[in-house]
Amino acid sequence: MKQALNIGLIGHKFMGKAHSHAYRDLEMFFEIDHHLVCHTLCGMEDDLEEAAERYGFLHTTRDWKSVVENPEIDVIDICTPDKFHKEIAIEAAKHGKHVICEKPLCLNYQEAREMYSAVKANGVHHLCNFTYRGLPAIKLARQLIESGKIGEIYHFRGFYFQDFSLSPDFPFVWRMDKELAGAGIIGDKGAHVVDLARYLAGEIQEVCCQSAVFVKERKAAESGEKKTVTTSDAAVFLARFENGALGNFEVSNMSAGRKNALLFEITGSKGAIRFDLERLNELEVYFDEEEEEVKGFRKIHVTESCHNLVSHWWPSGHNLGWEHTFIHQIYGLVHAIETGTENESNFYDGMACQQVLDAAALSDQKHSWIAVNEIGGV
Amino acid sequence: MKQALNIGLIGHKFMGKAHSHAYRDLEMFFEIDHHLVCHTLCGMEDDLEEAAERYGFLHTTRDWKSVVENPEIDVIDICTPDKFHKEIAIEAAKHGKHVICEKPLCLNYQEAREMYSAVKANGVHHLCNFTYRGLPAIKLARQLIESGKIGEIYHFRGFYFQDFSLSPDFPFVWRMDKELAGAGIIGDKGAHVVDLARYLAGEIQEVCCQSAVFVKERKAAESGEKKTVTTSDAAVFLARFENGALGNFEVSNMSAGRKNALLFEITGSKGAIRFDLERLNELEVYFDEEEEEVKGFRKIHVTESCHNLVSHWWPSGHNLGWEHTFIHQIYGLVHAIETGTENESNFYDGMACQQVLDAAALSDQKHSWIAVNEIGGV
Amino acid sequence: MKQALNIGLIGHKFMGKAHSHAYRDLEMFFEIDHHLVCHTLCGMEDDLEEAAERYGFLHTTRDWKSVVENPEIDVIDICTPDKFHKEIAIEAAKHGKHVICEKPLCLNYQEAREMYSAVKANGVHHLCNFTYRGLPAIKLARQLIESGKIGEIYHFRGFYFQDFSLSPDFPFVWRMDKELAGAGIIGDKGAHVVDLARYLAGEIQEVCCQSAVFVKERKAAESGEKKTVTTSDAAVFLARFENGALGNFEVSNMSAGRKNALLFEITGSKGAIRFDLERLNELEVYFDEEEEEVKGFRKIHVTESCHNLVSHWWPSGHNLGWEHTFIHQIYGLVHAIETGTENESNFYDGMACQQVLDAAALSDQKHSWIAVNEIGGV
Amino acid sequence: MKQALNIGLIGHKFMGKAHSHAYRDLEMFFEIDHHLVCHTLCGMEDDLEEAAERYGFLHTTRDWKSVVENPEIDVIDICTPDKFHKEIAIEAAKHGKHVICEKPLCLNYQEAREMYSAVKANGVHHLCNFTYRGLPAIKLARQLIESGKIGEIYHFRGFYFQDFSLSPDFPFVWRMDKELAGAGIIGDKGAHVVDLARYLAGEIQEVCCQSAVFVKERKAAESGEKKTVTTSDAAVFLARFENGALGNFEVSNMSAGRKNALLFEITGSKGAIRFDLERLNELEVYFDEEEEEVKGFRKIHVTESCHNLVSHWWPSGHNLGWEHTFIHQIYGLVHAIETGTENESNFYDGMACQQVLDAAALSDQKHSWIAVNEIGGV
């Protein structure tokens, strides 16, 4: 009989649902030594109990501290708005819980340092869920780069485009209020792109950012009251990597026609790699060391059993979906817990990413280049 | 407290796993009146108990009759090799169970008629799982055709290509033995394509088929013994639809570079639709009644909440995977049971599909055109 | 001072224009020993003189025999409606002229045999202009196949789709009258596809064809009179190649959304090749003998100096257009004349192609398989 | 009998060849009132006479002043290295010649102002050949934007990637020497992208650029001597447009796998447009004001007679090549001369483009944002 690994999940909306699903499915496809138990779901909304039933949680509470303090619980999973991440994570670590935290890790680099210190000090395992690291295509990209097949990196172009707020009739939501949303799109979408940049192309040294608000006023959904938008609709930033590569980053919530386009192109001295989240089972790869006549970008359907993580699922050629990334990420954490090793995509990554995002935000504000190491702690 | 709907699943390999996953996830995303219970898993292999634990079944047995006769069980789900479909389904129907059967429904049209008679006679609900009907993109295709936006259908081109047996070193497997595999690739891959043709373009009147064996002998996996391949590696067939449309069908297990390419293109008097299972979240659509200068195939990312079934899952732009089709199909059956309505993709469809496949096989054998209605029952 | 090679061009419409352009540009990009002279343009329409001036011809005539008999003229280029091809070509050959003839070579295999006999008997050079053989991408496809990189051929799928007559309001034109148009779409579009099949995949043994008329009556452009369409809008045909490969051919003038889509996919035991004329500078290629993780179709931009014919044009990466194929084909003929060698794409090819097309037409009529060698001469 | 328009072409290498071809073909496809005469070819290389014969020029000279002064010549076409543009153009204008000048117009904004003053003062027509304005796809993009179908512009992303110097073994060439090459890649590739940005999205207010040299030393082709590369291999720059749009520009000669990828994506409040020069006959367009279920990027094959300039060429669906852009651009100038109107893509555009490029170069040097109007004349 396997031992239980009891999960306390704080936050039950979009991310809470995605994480709950991961707990539900993980053991059907992956071998782990524990049995994952959806122990307690914590949230503030009226539909908490309904969600708990639907997601399969045994208990509910509206008091996150009681979850963190509950001796039965082994893992605290934080899917709340960003501004609560820090306090919960640190308390969880202090109580010796392993901690999962959705990206971005927190509101700024200073917070991130505190969080990272707390998990280190308490010797718990920690996952900052940059969920796209869980894609087989991204794993393949990393493997190709590490094996040297792309050569020295010259260019990283990373974009994240959606168009959900394109219409001026799209209502004012809390993400458009700087008081509530913190770094806004730079922190939200930017975190995914910067993390992939770090994961695949290396550390970033310097950035220069500009953002834009295209629709300055929107009506509140219910009251119809006109409100001033104080966060950005989009941002572009240049970067220089420590290895000398040129970075080109862009994020937008108003890029017409793009539904969920997290795109990147990494080029090096020996090849190139392209990816688009709208086609998340594919990776495009170019090798320059081919015979001259047959050089070209190849589209790899990353669904073969030889590809990372794929053999756990279905036979060759069967597409995975977006939600599988969560299963892979949580599997990574559980595996680290069970083997006493360190998982990828941890709080250090969350902190390092936050430093770049803070630099971008400061650069936007100062209208100048900012070195990442200008962003300090304490 | 919801009433249980107890499932008896017969077969626990590839399809058994996919169906089990559907039972596990369905209630987290869809509202149904019952609670689905994975009651009994039946199979013949040594790993039955391990599979049952992994999939979440309460009981196991090696005797399918005991499942069919068990009064606690409400639904019999058949994921066995094709040759057992008929007997199990008919027995299940006789015991008043609703029946789910993987495609192809059975070995031939005669069997299909008997199965269809049995479910009708016993008044049970029935699903022949042509799983790709469960894709939002396919639902959109159907909706566009039904709304008249494609006009009168002129062309249906439907292909299903893989390349798993491309290498002559790929071993002899049971599917290559005519005694065991029945209609072979025409029945296996052909069933998916013919079902989509019927679902989207209408009934088929006449077919003309030729098949091929490209590698005539292969070595058995263990013994290394050379064996003669007696089923086809590939087949092409022409068809005429009742509405006058031209049909072009092709299936292959040795089409280099194709991993899971179920492709179709339907063109009509007002537009066209294209689909590729390797990009299952997309549909390409052309409308001829656009302004001249901007006519062109558009790629629709079928992941918006306005698209069929999508709102049950994630926000806009988040890809679904292959396995979601099973959830949608089983949801359809449960919904039919609960509302006393008839679900799509039922045994009638399985039977009608089988008639076309039998005609294709006969045409291949006779090297001539065969009218579908030449394929008769007793 | 280079010697003149005097051209007599018969027909000055679409193809006449394309050939004239080839004569104009050839010497700017290719080294030949002669100077090409647009000597005489022959046609029947009022705008003959205007065309001659525009195309750069020195003389005009409405009497094709005078062109064929003119001792100054070295090459007769036939761009007339198909039914005049035979007589002109044979007369030209008898007068010792080299002959260029647009595809299809003529109306049927019997005519083709006579034409081929005439050019052989008179020892003149001959080009049947299957113009797409002149594409660098097609040359690359051939080179890959010949080098064995695709292995033994298993599948040839070749389609030619347009949609110019999609609308029922598209008027009745001469091509819709069987008396005038001969083999109709099978001969017109089919000739291109069958030639590429022969060029790339080998000889065809047997075919089975069905055609369709989707709009049975159309109005004459000027009179508005309703007329019955007696040629096909579309046709599909199966084929078996001599090497055992399965052939799948389709042609349509009413395939919505397709503007000029001559498509093929050739798959073999070691790889596959795909092509689409709408992207004529590209070839997609798959090699199965790659490392497992990075297998995939690659898109080759066939515009590098290492690619056949490309170095005559522009630096790397600069697209060629449709019209360049004519220059390449005529260059091939001139080169053959100057070196006394045999050019590709000659009357033998025209004849062999015609035999397959005749078999397809007969198969369509008889509603049965027809062996290509059943189509005989006298 | 048409009057001659005599051309004096200075420079006979890559661009000289492309322009010569345009003169050769223009009258075959476009109606103009004059007859274009390739009068004099001027160049410095040994193969001048051979080129003149091949291109069809009547005279040659090594003295450009004699061309500019020749009273027989009507149009001076400048295809020399950039550093000679200014002097020749101004002399030509002073002698009352119409002037064609390849892009970039010259070495810097100051020169550009002088050139623009000269053509204005002398009342001659002038073309700065931003050749991609001559593409039907680009004309369609402009038409859609002008008609309001894309709405207010929010994003312009424009990239020009090649990979010809990817290999460290690619030799040192004059373009890598700052003394000879001026603005280097920013001027060369950047000019095309910035011109399209201005043509389609409006004027640029401010830029921030960084460049990179990835291979710092290369061997000279003949001597094998190691030389330091003093121009950039790549550059990225941010921009703000006057209309508030965010600009993202990138150019590289070392972007692996890209052969001639001039790419842009323009998004606005109502739609988006994408283009890739490697598929120059296509434009991808998204309209947000479609029915929800069928929104998506459509691929338009810009080869219909309804599309700008296409009707001069071939029937529907027949691809044009890269070289056609030159014909269209020169046709634009001739048409302007003949009608006394102003052509697009003139010296004003060359000058305005240069101002942005100078700002980018200065920004790169100063490592800070630069307002375009900081770049001044005199």
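As written, the chain order gives the labels A, B, C and D, with residue 1 at the start of each chain.
Heads up, the rule we're going with is that a residue touches a chain if its C-beta (ideal position, glycine included) is under 8 Å from a C-beta of that chain, and two chains touch if they have at least 3 such contacts.
Fair warning: this is a prediction, and the values are worked out from it, not measured in the lab.
Q: Compute the centre of every chain as the mean of its C-alpha atoms, then state which one is farthest from the centre of chain B.
A: When every chain centre is compared against chain B, the largest gap points to D.
Q: Same or different for chain C and chain D, when you check if over half of the residue numbers at their contact belong to both copies?
A: same
Q: Averaging over Cα atoms per chain, report the distance between chain A and chain D in Å.
A: Distance between chain centres: 41 Å.
Q: Between chain A and chain B, what is the separation of their C-alpha centroids in Å?
A: Between these chains, centre-to-centre, one finds 36 Å.
Q: Pull out every residue in chain D that's touching 2 or more other chains.
A: In chain D, 295-297, 301, 304 touch at least two other chains.
Q: Touching residues of chain C toward chain A in the complex: what are they?
A: 140, 143-144, 285, 287, 292-301, 304, 306-307
Q: Going by the contact rule at the top, pick out the chain C residues touching chain B in the complex.
A: Counting only chain C, the residues touching chain B are 150, 152, 154-155, 157, 163, 166-168, 208, 210, 212, 214, 233-238, 240, 244-248, 250, 252, 254-258, 267-272, 286, 288, 295-297, 367-369.
Q: Which stretch or stretches of chain A touch chain B in the complex?
A: The touching residues are 14, 18, 20-21, 24-25, 27-28, 54-56, 162, 164, 259-261, 277-281, 301, 303-304, 313-324.
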